[in-house]
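Each structure below appears as structure tokens.
First subunit A sits with subunit B, and in the next complex the same chain sits with subunit C.
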Partner chain A sequence: MSFVALKMLFGDRAKYLMLLAGLTFSTMLIVQQGSIFWGLMTWSMSGISNVNAPVWVTDPNINQVEEIKPLADTAVTRVRSVPGVEWAVPLYKGVQRARLRDGNFEQIALVGIDPSTLIGRPYTVLDGRIEELRAPETVAVDELTVERLGGPNKIHVGSTFEINDHRVRIVAIVQAQKSFQNIPFVYTTYERALRITPQERRKLSYVLVGPQPGISAEALAGRIQKETGLGAYSGDQFGWKTMQWVLKNTGIGVNFGTTVFLGFIVGMAIAGQTFYLFTVENLQQFGALKAIGASTGMLARMILLQSFTVGLIGYGIGIGLATLFGLTAGRGGVLPFKETWPLLLGVFVALMMICSLSSVISIRKLAKLEPAVVFRG
Partner chain B sequence: MIFRRVSVWLAVGGFVLTLMTLWGANHKMVPPPPTEPPPTSPYASTVAAAGIIEAVNENVRIAPPVSGLVTTVFVIVGDRVSKGDPLFQLDDRDLRAELNTKTDALPSAAAKIAEQDIHLQDVQDQLRRLQAVKDRRAVSEDDVKRKWHEVEAAKRSLIRARADLQLARAQRDEVEANLKRLTVRAPRDGTILQVNLRAGEYAMVNAADPLLLLGDTDTLQVRADIDEVNAPQVVPGSPAIAYLKGYTDKAIPLTFDRIEPYIVPKRSLTGDNRERVDTRVLQVIYQFEKPSFPVYVGQQVDVYIESAGEPVMGGPPSGIGSPISGTSTQEPQGTP
Partner chain C sequence: MVNGVKATVQEFEHDLSRWLVRAKGITKSFGEGHTKIPVLKGVDLDVARGEVLLLVGPSGSGKTTLLSVIAGILEADEGELMILGENIKAFSQSAKTLFRRDHLGFVFQQYHLLPTLTASENAAVPLLIRGMPKRDAMAHAEEVLRSVGMGERLASLPNRLSGGEQQRVAIARALAGDPQLLLCDEPTASLDAETGHRVVEQLRAIGKRPDRAVIIVTHDSRIFEFGDRIVHMDDGLVHQIQDGSEQVSG
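Right after this comes the complex of A and B.
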């Protein structure tokens, strides 16, 4: 019976391709838009994911990671005094101006990490040695800085530029997740960051904290918040907080949500209509099957098999096309494109829903089908 | 039959491509390990502080008694000096010239005494001769009286001449004393930690930087700054441990010395001369034995002080992190 069902499906090439195209492009649209949405969210959380500390301590009223409300220097020792804290180190973060010898300037996000432990340093060092940050007047820059400040010919390990009229020398090129604002990251040590940034009453942006073994980051964050009155979040909590802020304060959520919903609707409309037409055209065959004794349930199973088969094939081609798009258009991180398992799973579920819903209409038609239809013209 | 379809192969290809891409990109990044292990507290409950190593009895900022031109600096950084050793010399040419004048005035004053002495002997002699005349008519009473007054005046002149000599000596001594003052000497034994002074410079009495910094580097101490919020958690007498910045393997056990009773504004340690006072700190002084590795006066350390284990605000945190609260309750409470 399954053989017959598949033969019916593939036999009508034009309808099959139309059905497949509808499902494929619907899948591709949802996956592509969803991935770009998630890519944007990843960019918005890059300030957190680049540092990847278990717990972040800052002002309790902070909304998101790029919004900096500095603390007093002693916050580090206050946090170290909280039971359950394994270590705590300071972090500076702020937007400064970098200037090149030829007068070009560019905004950069300056990150000052603890010089002895280098906690919060980027994962991947592409060139040079990040340990050399301990040498005087040195920085590590990410690929975006290299691109923005004039390319690898001008900006490489050993070349110099100015931050706030302080000359700095590059000791490493690193890889960092791009930020939402698309400002390049420049890493230096905490003390040097304090020295080359303008005077402010307080400068300690964040305290990064590691929990003792056996204590979860969330529990420790809660305890730090309770005992010091400072705001403390685990990396994940802080990421969600930042993401919520972005969703609330920009139109990104609504925009992408609408597109994904439209993709769903269009996919369902095309698939439902085509499938219905397909069923109607094959009514005689179904009628014949019913006449030779096939039950409605069996016919329903055939319909479902057909719809899920074409659904699966459409899904496979769709995600393949979306991935190809991500791999080509988003190469080098120029486009915020990030596919994730939950997104693919969600799209799969949505697609199966489209298939099931469109088969339901056909099954209703078949249920009411008289076997005698086979004898009509 | 189904596997003869191009679309099926396309779908399989799409699946494989996506899975491979996701597999490559989506593994959770593990943060790179710290290049040095970060400092951690060895105690169950702790008060952390930022510390600085300093010489016991604090450091002496040597100042000149008067402002003046420096002619010689006798010491270099690192010199060990004993009490009374000369440190630097201020310009003394004018005082030396004055000393010469004053010294040269002494023989004149001494000659004046001799002169007055002779004069006295002369008038005394005359008086004696007048008095020796037996005939009252030969010498008038008035002459004798006048001579007697002359003798008395000569005696007083001699006294004054002696006093003048003394004054001249005193004036010479004063100049000598002032001269000695221009050689600045060590007020106590110690090591020269800083020299911000070179021959030819003008030494001010109220210089912002110390001209010379003298300290005792044999016995050092740690001054630990504790945020005023954490001040109530500090138990006097509790042990502590200090780590050199960036070297967690270099731990220095500390013994409690005293708590400074006055909470002072925190000094910024960034080396900026415009200090950003934003908080006040309690300072606790700890002593330590000189460790096997070198430590220097002025070096920053991370200090962990054992505390009684009671949080400042609210009760002990409930539910979370039970291993910690468990150990802190089992632990014998330290001295109050």
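Right after this comes the complex of A and C.
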């Protein structure tokens, strides 16, 4: 009878398209909202994800990655003496002013990394060689810097510009995850960063740490925290801490959380409702089958087949449309959009649950259905 | 004493072998309290094996309701009902469904074809429900459709068929399962005289085989001559039973 079930589903074009539209729309809505939400979260954590470090050591009282409270210079050596530390290097991060040829200023985030190991460097180098940062007065810039400081004709490997009246030469163009503040990233060495930036008592933003083999980042972070009294987090912990802070303090949590939640509820309600209506509208047909001798179990299997079939198709198209939206609207990183597999899996599970639930409701209705409807006019 | 009991048992067994349907004192009402409408008021009806029985009467006299009760689709309020020797009143809902699947065939007044299935697929439904492979079911359904003159419209959807053609698909569907008891509600209402005759002859051919029976609810006096007996219903009661031979032409 499965082919009868499928023909009932596909044969009535209008009803089928309504049903499919409902399921597609809800999948799309949830995936799209969820992806934007997660995109915003990755923006908020870009300060961490751009730096590939297992453990971060910070001032004990910071809430999130962008809140920089500089440490004493001695922190690096103190951390190095904690057992289990394989390496520990300093990282400078601060907002500075870059001056363009035409005299305009542009804010940039200056990142100073350890010159010998280059730990804290971005993952992807698009042009040039990041190792040349070891040469005097050099920087690596991200694509946003190129855009902000005058485009690829003016800003390329080999061209120069000024940061706080220090002339620097570009040796590499790199890729960096956009930040909330949407500030371009400029990378240089730690010592050069200290020289370029104004005099301050403390300039060490973070100490980045790698554990010895066999020690987890979390365990080492705990140990550093205990022995030095500084803040220490694994990259993941720091990311979650930052995300929680953003959720609590920026309104993104409440506003977006509500949108995602409502999208979810509305989407799932639409999906469930349309499928339930589909069965109700076909009640006469199911009644006829029951009168002819189809058992409730057989009708239940037919309904489940119909619901999972249309659910899967709607899921596929919905994801396709959401992805298309992400690729178009999110192009160039203007809109945060991160489609992740846990989201897709979550939506899949939820959709299948909704399909099952509306099937069960429909099946209960069918079980009670008096086949006598077929004998009446 | 002993002889008396024996006689009763024998008579009963004789009855079972002779009657395919035995209904006694069937009552059925719809609604509750003030609005309760008695529709069947104590119907007695027997249908013999190999019999074609016509059920006639004015609209609203309870013919369809009686047919639904015999089919096990509606539950009678009171009375006894034996079908093919089974006391189906005692069956569970699912047992009734299986009984219908295995032994009964239906032609509904409103056809109730599945609108998204072709004529052959519709006719194949009873076989598919029994679990016959699709290919065999379709082949058999097509054969039956040809026999009711629908060989040209096998692949048509119901909404492409005239009322008479839909009715013939509904009849083919009822015949496809080769049921022991065929229940037809106004099966010729949408057919012209000639097709009506042909279809009823076909229904009759089914009913006349031993161990089979057909009950046809009809208004259509043109087909009265095909009945072995004609049962007249009025206001929820059997009013008169005629032998087919006695009927007045009209």
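We adopt the following convention: the second predicted complex is superposed on the first by the 366 of 377 C-alpha atoms of A that agree within 3 Å, B and C clash if a C-alpha of one lies under 4 Å from a C-alpha of the other, contacts with A are read in each partner's own complex, and residues count from 1 in each chain.
The definition used in the following text is that a residue touches a chain if its C-beta (ideal position, glycine included) is under 8 Å from a C-beta of that chain, and two chains touch if they have at least 3 such contacts.
Owing to the predicted nature of the structure, the values given are computational and were not obtained by experimental measurement.
Undergrad: Answer with clash or fit: subunit B and subunit C placed together on subunit A by superposition.
TA: After superposition on subunit A, which the two structures share, subunit B sits beside subunit C with no clash.
Undergrad: If you stack the two complexes on chain A, which partner ends up touching A:Gln107: first (subunit B), second (subunit C), both, or neither?
TA: Once the two structures are laid over each other on A, A:Gln107 reaches no partner at all.
Undergrad: With both complexes overlaid on chain A, does A:Gly11 touch subunit B (first), subunit C (second), both or neither?
TA: second
Undergrad: Could you say whether A:Gln181 touches subunit B, subunit C, both of them, or neither, answering first, second, both or neither?
TA: Neither: A:Gln181 stays clear of subunit B and subunit C.
Undergrad: Now for A:Ile292: first (subunit B), second (subunit C), both, or neither, which partner does it touch?
TA: A:Ile292 contacts subunit C only, not subunit B.
Undergrad: Tell me which partner A:Ile319 touches in the superposition: subunit B (first), subunit C (second), both or neither.
TA: first
Undergrad: If you stack the two complexes on chain A, which partner ends up touching A:Thr250: first (subunit B), second (subunit C), both, or neither?
TA: So A:Thr250 meets neither subunit B nor subunit C here.
Undergrad: In the superposed model, does subunit B or subunit C contact more residues of subunit A?
TA: If we count touched residues of subunit A for both partners, the winner is B.
Undergrad: Thinking of the overlay built on chain A, is A:Phe3 touched by subunit B (first), by subunit C (second), by both, or by neither?
TA: A:Phe3: touches subunit B and subunit C.
Undergrad: If you've got the overlay open, could you tell me the nearest Cα approach between subunit B and subunit C in whole angstrom?
TA: Value for subunit B versus subunit C, nearest C-alpha atoms: 12 Å.
Undergrad: Check subunit A for residues that touch subunit B in one structure and subunit C in the other, and list them.
TA: Shared contact residues on subunit A: 3, 7, 10.
Undergrad: Spell out the residues on subunit C that touch subunit A in their complex, using ranges where they run on.
TA: Contacts found on subunit C: 64-65, 67-68, 71, 73-74, 94, 97-98, 100-102, 104, 106, 108-110, 112, 114-117, 121, 125-126, 128-130, 134, 157, 173, 185.
Undergrad: Could you pull out which subunit A residues touch subunit B in their complex?
TA: Against subunit B, the touching part of subunit A is residues 3, 6-7, 10, 16-17, 20, 49, 52-53, 72-81, 83-89, 114-119, 121, 123, 131, 191, 194-195, 199-203, 210, 212, 214-215, 219-220, 222-223, 226-229, 309, 312-324, 326-327, 338-341, 344.
Undergrad: Using the touch definition from the top, list the residues of subunit B that touch subunit A in their complex.
TA: Checking each residue of subunit B against subunit A gives 1-2, 5, 7-8, 10-15, 17-18, 21-22, 25-26, 29, 31-32, 34-41, 44-50, 225-227, 229-230, 233, 245-247, 266, 268, 270-272, 274, 276, 278-279, 281, 302, 304, 307, 309, 311-314, 317, 320-321, 323-325, 328.
Undergrad: Which bits of subunit A are touching subunit C when the two form their complex?
TA: Checking each residue of subunit A against subunit C gives 1, 3-4, 7-8, 10-12, 284-285, 287-296, 298, 370-372, 374-377.
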